[in-house]
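Should a chain be cited, it is by its letter among A, B, C, D, E and F, assigned in written order, with residues numbered from 1 in that chain.
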Amino acid sequence: MTQTDKSALVVSAHSADFVWRAGGAIAMHAAQGYVVHVVCLSFGERGESAKLWRKGDMTEDKVKAARRDEALAAAQILGASVEFFDIGDYPMRADRDILLRLADVYRRVQPEFVLSHSLKDPYNYDHPLAMNLAQEARIIAQAEGYKPGDQIVGAPPVYAFEPHQPEQCDWRPDTFLDITPVWDKKYAAIQCMAGQEHLWEYYTRVALQRGVQAKRNVGITNARNIIYAEGFQSVFPRVTEHLA
Amino acid sequence: MTQTDKSALVVSAHSADFVWRAGGAIAMHAAQGYVVHVVCLSFGERGESAKLWRKGDMTEDKVKAARRDEALAAAQILGASVEFFDIGDYPMRADRDILLRLADVYRRVQPEFVLSHSLKDPYNYDHPLAMNLAQEARIIAQAEGYKPGDQIVGAPPVYAFEPHQPEQCDWRPDTFLDITPVWDKKYAAIQCMAGQEHLWEYYTRVALQRGVQAKRNVGITNARNIIYAEGFQSVFPRVTEHLA
Amino acid sequence: MTQTDKSALVVSAHSADFVWRAGGAIAMHAAQGYVVHVVCLSFGERGESAKLWRKGDMTEDKVKAARRDEALAAAQILGASVEFFDIGDYPMRADRDILLRLADVYRRVQPEFVLSHSLKDPYNYDHPLAMNLAQEARIIAQAEGYKPGDQIVGAPPVYAFEPHQPEQCDWRPDTFLDITPVWDKKYAAIQCMAGQEHLWEYYTRVALQRGVQAKRNVGITNARNIIYAEGFQSVFPRVTEHLA
Amino acid sequence: MTQTDKSALVVSAHSADFVWRAGGAIAMHAAQGYVVHVVCLSFGERGESAKLWRKGDMTEDKVKAARRDEALAAAQILGASVEFFDIGDYPMRADRDILLRLADVYRRVQPEFVLSHSLKDPYNYDHPLAMNLAQEARIIAQAEGYKPGDQIVGAPPVYAFEPHQPEQCDWRPDTFLDITPVWDKKYAAIQCMAGQEHLWEYYTRVALQRGVQAKRNVGITNARNIIYAEGFQSVFPRVTEHLA
Amino acid sequence: MTQTDKSALVVSAHSADFVWRAGGAIAMHAAQGYVVHVVCLSFGERGESAKLWRKGDMTEDKVKAARRDEALAAAQILGASVEFFDIGDYPMRADRDILLRLADVYRRVQPEFVLSHSLKDPYNYDHPLAMNLAQEARIIAQAEGYKPGDQIVGAPPVYAFEPHQPEQCDWRPDTFLDITPVWDKKYAAIQCMAGQEHLWEYYTRVALQRGVQAKRNVGITNARNIIYAEGFQSVFPRVTEHLA
Amino acid sequence: MTQTDKSALVVSAHSADFVWRAGGAIAMHAAQGYVVHVVCLSFGERGESAKLWRKGDMTEDKVKAARRDEALAAAQILGASVEFFDIGDYPMRADRDILLRLADVYRRVQPEFVLSHSLKDPYNYDHPLAMNLAQEARIIAQAEGYKPGDQIVGAPPVYAFEPHQPEQCDWRPDTFLDITPVWDKKYAAIQCMAGQEHLWEYYTRVALQRGVQAKRNVGITNARNIIYAEGFQSVFPRVTEHLA
């Protein structure tokens, strides 16, 4: 099924998060005709580039450039556009201007749904900041009184994608997305992340485990061969016309 | 859209619960071609028939008969079949035989989804019992080793419908069902409950409030005129192919 | 019962919140002789004035003026004084000066109790900010070392009034206030909110539902005819001399 | 203040629980004119009589007799009547007859409020059983259809009194009762529990800690000299006419 | 390090649970000199033997025998003794006799620690039953008044081992056990479970994921090469003399 | 046991918090050879020095000096070094520089474990701020890209020490530290806090209650005479090689 004129927004704290945590969702929806746009708030230059720093003769600019290239390559494979806010990481801070800049992205993209981080992560304070920013920007983009006359956004559902240690983040998936048809793309995108090779197999196993779990949660008439899946936690209730 | 060969199961502690709490869902899916089957574990003869008892010259059998008639009338309007287990209420207790009897209903009905009560209700201990019974019976019906050779059930999603005082029951809706098209049927079914007239307007207001809330949670491309809705809380994660 | 020299404080994120969510409590306590003071942190000029913006030929100043008039009219009906901090909304931000300004209000008003928003609201980030501000200002106003020599405040109970979608905000009422005697005032105040007419009936139904629930939670010796009520969630334990 | 015709019910799993956990509340309300009735479900003969068993030459009957004497003596000091169900402990089990027997106590006592254990206690499975029994019996006693014609009970508030390790039981006090005026009685009652002398000072310290906390939570106009207090957690919302 | 005279108890709802969920802990402690005893409440003959049932020409006795052989083989590899209560599964029910039988096992084994299931599992009602049984039996075994004169047990810590879908069971590991040194034994034991081959790789991946997570949670001076781990959730606080 | 080259870090919002809440842990580990370093973010000059302010003729500088002297005396008794950030209290705010300054302390101290406040405290907004600061600084100190080339820290466990009203802060101890051997030191340190004499007995009772509770949670082979204890809540899972 190809849908036109539909879009989605992914708010990624660091430049690789969208790959590990939502690469399948991005590729699936791109394949369905969605325009998927990723905002990388930072390059993860301080906190998630250990391998690069250990190379020696490194500067923050060099790290950022390398990370940008990786993210762009991954996004291209997945079928998404990327935008870098470059607001720094470890610590990440977002002032009013950044918030409004993201609200403007919402207005421009008009997303059908939004993906970002879990609201709690004791291992990474940048992640909850990104999610809170994504949620508050959405609310501002909904307001008639913000840049009156511009087209406001509706009420796109927001999902938290999977954090690194899910139970410690009080993250509980309520939605499994079957990503079996696009797993090859996700794994190819994962391989762009040369600086974090130790995570390749970790997130392959995550996809396999979620695949098994998804299968266990499928009703009888929906039988299908799910091998890989991604889990998501909804922020808002969904509205539907049937419960099966 | 009419779907054939699809069915749903509603497990109602007392003979009126399915009307207040899931009448819209029943009518909606009946209209979509679902075979909807309701199991009433009791008639609510002790705990939810105050008005009948106050009439005087009343016996438990008379109360049960009156409640049965009301439930049958309501179910007919909604388009569902009903089955009465008559296990008593206040207190409700279910032994192994009742559990297996319900498991057998699952096997017979092969439901696409299941509706029952919230898992907590400090105002009504029969309600959580009904939900636990519904969940455990589902698990038994899934087991190859229970009546081997019979057709097992898959993994139909289970939802808790709305209790009387939702916040006190730790019930949080994650799914809103638009019942606007069938509201007239639900209200007609509600009016069959002559013994609980004080609840008619209460549940009309519930439907209106959930309607407003549903509208607030709808994404932009799904704009539609929702006036009445029912809320449900999922027990299990759902499995999907798109997130919008 | 008329009590003199007693006061209460309401901290409202936007200029209409105090009406929908606490109008009954304000009118009840005003009728009991309380001096009730409302702080409106913003006019809700961006986020809650959609109808005004759609009129065309509108500016932020005009919206604010209209919203101020509505709030003043409503407060007068309810019997409260109002003070506008005008710190802006969508997004709302409060720096140290605003916090201390609110602490000074506490010192001046010496409230017996405080009302503000729920601590969580995924639909509105200004609401939790207001509650956190109200709580932190209270703590500062309690400190001997803040403006030493001034009269500190005691430990007034703080309540979260009802948000728009209560279950989504993890809001659970533990206190119901019977507002039946002042419902006419609350509804008159509600009608001052010309820009949000779609909420009039919504909050009338909220009051009716809470009224029914309050009645269900009343002990036998307290029988009374409750029709309208407001729900509140306590932040702190209460101290009492009897448990009935 | 003396109130007549008012009563309260305490459901105690073992024959000493009501002393440690609610002795102050009992004495306070007895002093206010309440008829306070205690149901001891068991004597705690197996699980809470270690000192007696270590005496040697002991039988279950002897232990029960000793525990009965202690409980009667304590109740007399506090001003309450006691009734022993003698259903056994470690493990405690309550069948339908016991449940209805307790429902009948509700009907007879017509309590203004009810005290029992926390709903969770990983150190003691009898405690949650007692609370669940107390809650379900209350619901049955409210039902018109249970022994039709008898006087039903209203909706008396139910409180969980303090367990031995409060945080491990997810018990959070939302109500502090000042028991300073009756502390001497509570301590005298505590001293009746000869078999559990190691707990005397423990529960004295509990009362002192809760006294300090109660004082910290008192509003300015309620200043009073609280030294000893008991904490309680409400099961249901309270209904009130003022929030101070 | 070899410790003598120390023992541990594992309470497994079905005859394979102890392998998937605690096989590493069993082998680790057996290697440390612990006597590890496993109680299998049932053989999982109905609910977890689908592959066997599908073979045809099968009876419940044949399934049980096959499952018993698998469990015994696995236990031998891990270094544990096993005892089968054979109380049936799907549904599992435990009466007073079973509870006391398990309490007697506690008295006999005198475990240093106890492992069982999570307290919640919407996919499997036998699992929480097993954990509750394990906890209540422990409490009875602690009571001086149960079989007075017998040696009571102390306060062995109780852990919930990992359920199949951890987040859905509200299970959050607070303890990671490094099982790298005994992984070969665990995997050999896993391979005894011929009837559930689809789970072999699933639980291998679980061990790898928990291994990565354990490594992330290790303090600097504890650096070691963890590859495989098992996660556990504590029921009770631990008591210690140092916090590193 | 004396361990050399090991260290610990305590992040205290106000200059006395580390004494009431972690004085035993500090003295225990100092006695075990740990270098324990305390960071006092403020002197508690506004919010926790009421007695000093009431003396009259007082200035903020005088209060700070008095509080500094008390803290230094207490730390010396406990065996810890102290560092004062002097960032102010009521309200406490920490900008990026303060955060990085604390990250640098982590790098310098290389702690084996970290102690700070609970993540929630409705009575004191400075406390959660201190804990969040402690956690975020730890994360930054772990990052290779922050001051590349400096020695990063590992993953020291972080514990929340006991707040003043534990249940209201959602604080649940999962670890009890036996502080009996150093109680005399803790009480001597407590007595340095001349300005808060009302808390001396309060925290003595806290230590006694936690001592009783610790004893109740000790396994049989660990029998020892615990009289005084401190409770802690872990932020992260621990990694271990045995479960007893």
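Just so we're on the same page, a contact is a pair of C-beta atoms (placed from the backbone, for glycine too) under 8 Å apart; a residue touches a chain by one contact, two chains touch by 3 or more.
A quick map from chain label to UniProt name: A, B, C, D, E, F = 4-oxalmesaconate hydratase.
Bear in mind that the values here come from a model prediction, so they are computed numbers and not experimental data.
Path length between chain B and chain F in the chain contact graph, taken as the least number of steps between touching chains: 2.
Listing every chain that touches chain A and chain D alike gives B, C, E, F. With centres computed as the average of Cα coordinates, no chain lies farther from chain A than D. The geometric centre of chain A is 37 Å away from that of chain F, both derived from CA atoms. Each of the following residues of chain A touches two or more other chains: 123, 168, 173, 213, 216, 236-237.
Inter-chain contacts, as defined above, occur between A-B, A-C, A-E, A-F, B-C, B-D, B-E, C-D, C-F, D-E, D-F, E-F.
Of all residues in chain A, only 6, 8, 25, 28-29, 32, 34, 110, 112-113, 115, 153-157, 159, 173-178, 213-214, 216-223, 226, 229, 231-232, 234, 236-244 touch chain B in the complex they form.
By the touch criterion stated above, chain A contacts chain F in their complex at residues 45-47, 49-50, 53-54, 58, 60, 63, 90-91, 93, 122-125, 168. Here chain A touches chain E in the complex through residues 123, 164-168, 170-173, 201-202, 205-206, 208-209, 212-213, 216, going by the rule given at the top. Interface residues of chain C, counted against chain F in their complex, comprise 96, 99, 132, 135-136, 139-140, 142-146, 148, 235-237.
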